[in-house]
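Presented below are the structures under discussion, each in the form of structure tokens.
Below, chain A partners chain B and then partners chain C, in two separate complexes.
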Partner chain A sequence: MKRWDKGWRLALRTAIAVFAAVLFLFPIYWLAAISIKSPDEIFAYPPVWVPGGFDISSYITLFRDGDAWAVWHSLVTAGVSTVLAMLFGTLAAYSIVRYRTGGDNLAIWIISQRMIPPICIAFPVFLLFVSWQIVDTYTGLILLYTAFNIPYVTWMMRGYLQEIPLELEQSALVDGLSRWAVLWKVVLPMARAGLFATAVFTFIFAWNEFLFALILTGSEVVTYTVKVTGYFGSQSTFWSKIGAMSMLGVLPMIFVVGTMQRFIVRGISMGAVKG
Partner chain B sequence: MADLSITNINKYYGAVHAVRDISLRVPEGEFVVLVGPSGCGKSTLLRSIAGLEEISSGDMMLGGRSIGNLAPRDRNIAMVFQSYALYPYLNVYENIAFGLRARKTPQGEVDRQVNWAAELLDIKDYLSRFPRELSGGQRQRVAIGRAIVRDADLYLFDEPLSNLDAKLRDGMREEIKRLHTQLGKTFIYVTHDQIEAMTLADRIVLLRGGTIEQQGAPLELFEKPANTFVAGFLGSPTMNFLPVSVDAARLHLPDGQSVSFNASEHGHPAVKDGQYLWGVRPEHFARSDDPEQSFQAAIEVVQPTGSRTYGSFSQGGSHVVAELDAHAVDLANRTVGLSVAMERTAFFDQDSSRTISPA
Partner chain C sequence: MAQAPVRSGIADNELAFKYLLIAPAIFILLLIGLYPFVKLIVVSFQNISMFDDIRSFQGFIHYERLFEDVRLWESLLHTALFTLVALPIELVLGYLLALLFLQKLPFKQILVAVILLPIVIAPIVAGSTWRLMLDQRFGPINQVIGWFAGGDVKLLWTVDPLLVWPAIMIAEVWQWTPFMFLILLAALSNVDQEQLEAAEMDGASRWMTFRKIILPAIAPVMFIAVLIRALDLFRLFDVIWTMTQGGPGTRTETISIYAYQMAFREFEISYSAAIAFLVIFVLTVVVVLALRRVEVAR
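So, the complex of A and B:
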């Protein structure tokens, strides 16, 4: 291959990468821009691409009025339900993989629970939660998100656990570990990448969940997804508050995905090869 | 004394009867090799001893304790797996120390044991490396190290060399044998490779179809096989089997040629006149022009290995391989006279395939 040919290829590749990055990052940039624009700039036409100032009054309002608590509520529900779903889902997956619990079809049956359109069960769940008196509580949302995510976790972890050589566990059993210790000291370290990748996606699901949060929360435990929609009004829409609240919702995700990135990539590609 | 005694062990996988009523006694310090073709139950038996398979019936005693119903970790057994089973997220030191840590050994003791094993196995320089940074042979050493640092009553090896290339395998075989002498512990070793079985074992236990076909010292099995299966399994190239008849001090070959044969003089007092399956190992043949002792063979394929030459020929429909001197076969004239070391050959019953022995 000629030298200039190589150069062109590199340039082309870089151009495509830059284009893709801009395409994906622009909405986030736009959100951030709106959150710090002045009201005039938000409605200006042609649009103001770069905000003239740095107006953080919307953020101040969110924190002053206590709206920012919604992010905390989301963090708690998503965080706790992720931990619980990972715990139960991983144990279920281990049982399916190593003890053939439920034969060949249990895993399929479990994942099939995810095929039900959520809206179909929205009202039964609402009535159930009313009778249990857990509407508008952490318990209610955490319970629901955990239940939703266990099938996903079970399915994903089953794939990762299947790839762990049986002899590693058997060797540990002979060497003096109990079954629980094997799970803790051999299985989990071996499945670490898959564990983190699954946890991140579980967290993202709970973090972004809107439908049930809307139905099951009222005034006490309002997640940020529900809060954002509250700023759309029939009379007026608070764009800068929407922008600011959305940014508060995006930042934890950027942090989570950023810190877990290498596990996510490895976890996804592991699942891609087998599973 | 940590003797192992197995009594009437059975193992079923559903309808498959994998281990059939096997009884075995292994005194402390012995090197026993379980060998047999794939599916003979040798690995199942080994894994049952380790507690990784539940036995369907029977009992196992180790050092006076009944271990049949104990969890693997309570049996005080160490095991080396075919795949090495090294933990990829731990370095060599921690891999070797794994069993010690599982048993809450004090750090000083762990250090001493790991260093001792690393010294013995010549892997001292790799202690801080990870398994992925090691060659196959080095990984095998680490796996062995992890087993020997444990003060176990019994050491099990499940085809530990089968993932290594041939050259490495020869070297490791010798090391394992040396290790056994140094440690003086009981080793039970599973392989499908008859060379490994012959070279390593104090005693070979040869299995087929879930039962013990024959057990004994390697040369005993080799020289006095109980039946054609044992005779054919041990030795490479394998033993030749020819349907022959013995009649009036002559042994008649399938193609009609005959050689002189004196049953008592040739060490086969139980062989009377009659039909037999005659077992001749390739090395029992020799070039000879004595018309009384030899027969003519037209060598079809010549395979020189350097030190010896294998010549194959057909004897009345049976395929025969003879191991001869390097230059024994003249490529221009391939018909040679061959004699047989009668006293080393074996005679089997044509129907039962069992060896003919004095009743």
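So, the complex of A and C:
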């Protein structure tokens, strides 16, 4: 009797969990479905839930018209800014952890830079970039995303570097390695997992950023997020393009979740939970 | 701390090294963080707009205007109300989901992976997706409601003044409940099992167990999660931009949307600088108060 009761409870729990997962997945499924529907299916009434075929013409249109370059622009800006933010942020974190540079106040000042709503500094940044003539260039967006992500990287890497035992560094120093060599050959290899997890999130933030991309791009270096919103016209909405372009932006993220699930908790909680 | 320096030569070396490491980060942050901030303050005391370009000191005219600007205070109210409604919903739903997933479940890894997908998707894409989902004619939401209502339903989710906020709320809760879920799941798995068992043996009620054991254990993590989400909601822009652009009228205008419109659509440069300064000021006060309360509570 009791056993039967237990099995019944497990079944109920599983049913609720699966239902919740379906609720969270469905909008993404719907987006993916729109991207491969034929035009007739997109504008069918009542809506078609399962596409009849695999119509990739929306994607072909994006590549033929050159809109797909936006994905490349996103990739370059997010990729390069991730590398730079990781480099500068990690060095800063190491300085803070090992030498207590600036005490607690400096670390708090750095993280507070991330709390300011982007819109507040958007216009001054825009003016600055106009005077430097880097609006609508890779340089501008990369510089901005690097600055935007340095506080996050510093904060996260501070947590990871604190966990590395000091004795290892000391013995390496005694062995005659220079401070730079200790950092590159001892510390960073040991923080590999942390570096990797932090880089993944730094990339996601830059990849998904919209407000600055909207302000600082025009026609040359337009990222995919700006492109997607551009398809919502005042006269007509380009459903198939929205679907296809969004999917090009979403697919890498699905890959990230699929392969790096175990890093994710700590990354999104800014280290609040040791994952 | 590194080993104690033996000779002063090494100490100098170390000093140079530690500042060298941190210099690039500080330089970039000052450039993109501090310079705009100073510029903001300067511009807010000048008078620059589409029609004026007065660079001399103008006193507090823009700050006085803040107090009379009904649209501004409405947008702040929208932002605050939305945060106060969305955040508890996400917290409670996330907690319930976490409780569910704390127990034994088949395919747990896969289900968790599916649920956390919304977090890594661009808010702009989430907004677009929900706009398509909520489309009055070609979206599945009205269709499903129609099944229950028994007839065609044509709800104008992104246009009808009564429905726009619920529509944005749905998108927001969909995207960020997984965030609360994930963090609370991790926090709950760290709760001391022995304490829970001891409480059960002593016959403590569920509510008492929650208040005396679970809540204190997850409170620090929960606080950070709420803080991160509150800061995000305070700057809410992307989802609204794709779903309504602040409309109809100014019905769904948040402070970020309003500040954007003022700076980049109406070119009220000096006034928008005053708005930005107000926002930073309010935010700093709120965050400092929140942090202090937590420290007092500890």
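The working rule: the second predicted complex is superposed on the first by the 232 of 275 C-alpha atoms of A that agree within 3 Å, B and C clash if a C-alpha of one lies under 4 Å from a C-alpha of the other, contacts with A are read in each partner's own complex, and residues count from 1 in each chain.
Just so it is clear, a contact is a pair of C-beta atoms (placed from the backbone, for glycine too) under 8 Å apart; a residue touches a chain by one contact, two chains touch by 3 or more.
Worth saying up front: this structure is predicted, and the values here are computed from it rather than measured.
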In the superposed arrangement, does A:Gln170 touch chain B (first), chain C (second), both or neither?
both
Check your understanding: Between chain B (first) and chain C (second), which does A:Gln113 come into contact with in this model arrangement: first, second, both, or neither?
Key -> second
Handout entry: Contacts of A:Met190 with chain B and chain C, given as first, second, both or neither
Key = first
Check your understanding: A:Gln133 contacts which: chain B (first), chain C (second), both, neither?
Key -> neither
Note to self: Touch test for A:Thr259: chain B only (first), chain C only (second), both, or neither?
What the structure shows: neither
Ask   = Of the partners chain B and chain C, which touch A:Pro124 in the superposed model: first, second, both, neither?
value = second
The chain contacting more residues of chain A, comparing chain B with chain C, is C
For A:Ala181 in the superposed arrangement: first (chain B), second (chain C), both or neither? first
Overlap of the chain B and chain C interfaces on chain A comprises residues 170, 173
Touching chain A in the complex, chain C uses residues 1-3, 13-14, 17-19, 21-22, 24-26, 28-29, 31-33, 35-37, 39-40, 43, 97, 100-101, 103-106, 109, 111-126, 128-133, 137-140, 143, 174, 178-179, 182-183, 185-187, 190, 220-221, 224-225, 228, 231, 234-235, 237-238, 241-242, 255-256, 259-260, 263-264, 269, 272-273, 276-277, 279-280, 283, 287
Within the complex, chain B is touched by chain A residues 165, 167-168, 170-178, 181, 186, 189-190, 192
Per the touch rule, the chain A residues reaching chain C in their complex are 10, 13-14, 16-18, 20-21, 23-25, 27-28, 30-31, 34, 42-47, 49, 87-89, 91-92, 94-96, 98-102, 106, 110, 113, 115-125, 127-128, 143-144, 146-148, 150-151, 154, 166, 169-170, 173, 179, 204, 207-208, 210-211, 215, 225, 228-229, 232, 239, 242-243, 246, 249-250, 253-254, 256-258, 261, 264-265, 268-270, 272-273, 275
As the complex stands, chain B meets chain A at residues 50-52, 71-73, 75, 77-79, 81-83, 85, 87-89, 98-99, 102-103, 146, 150
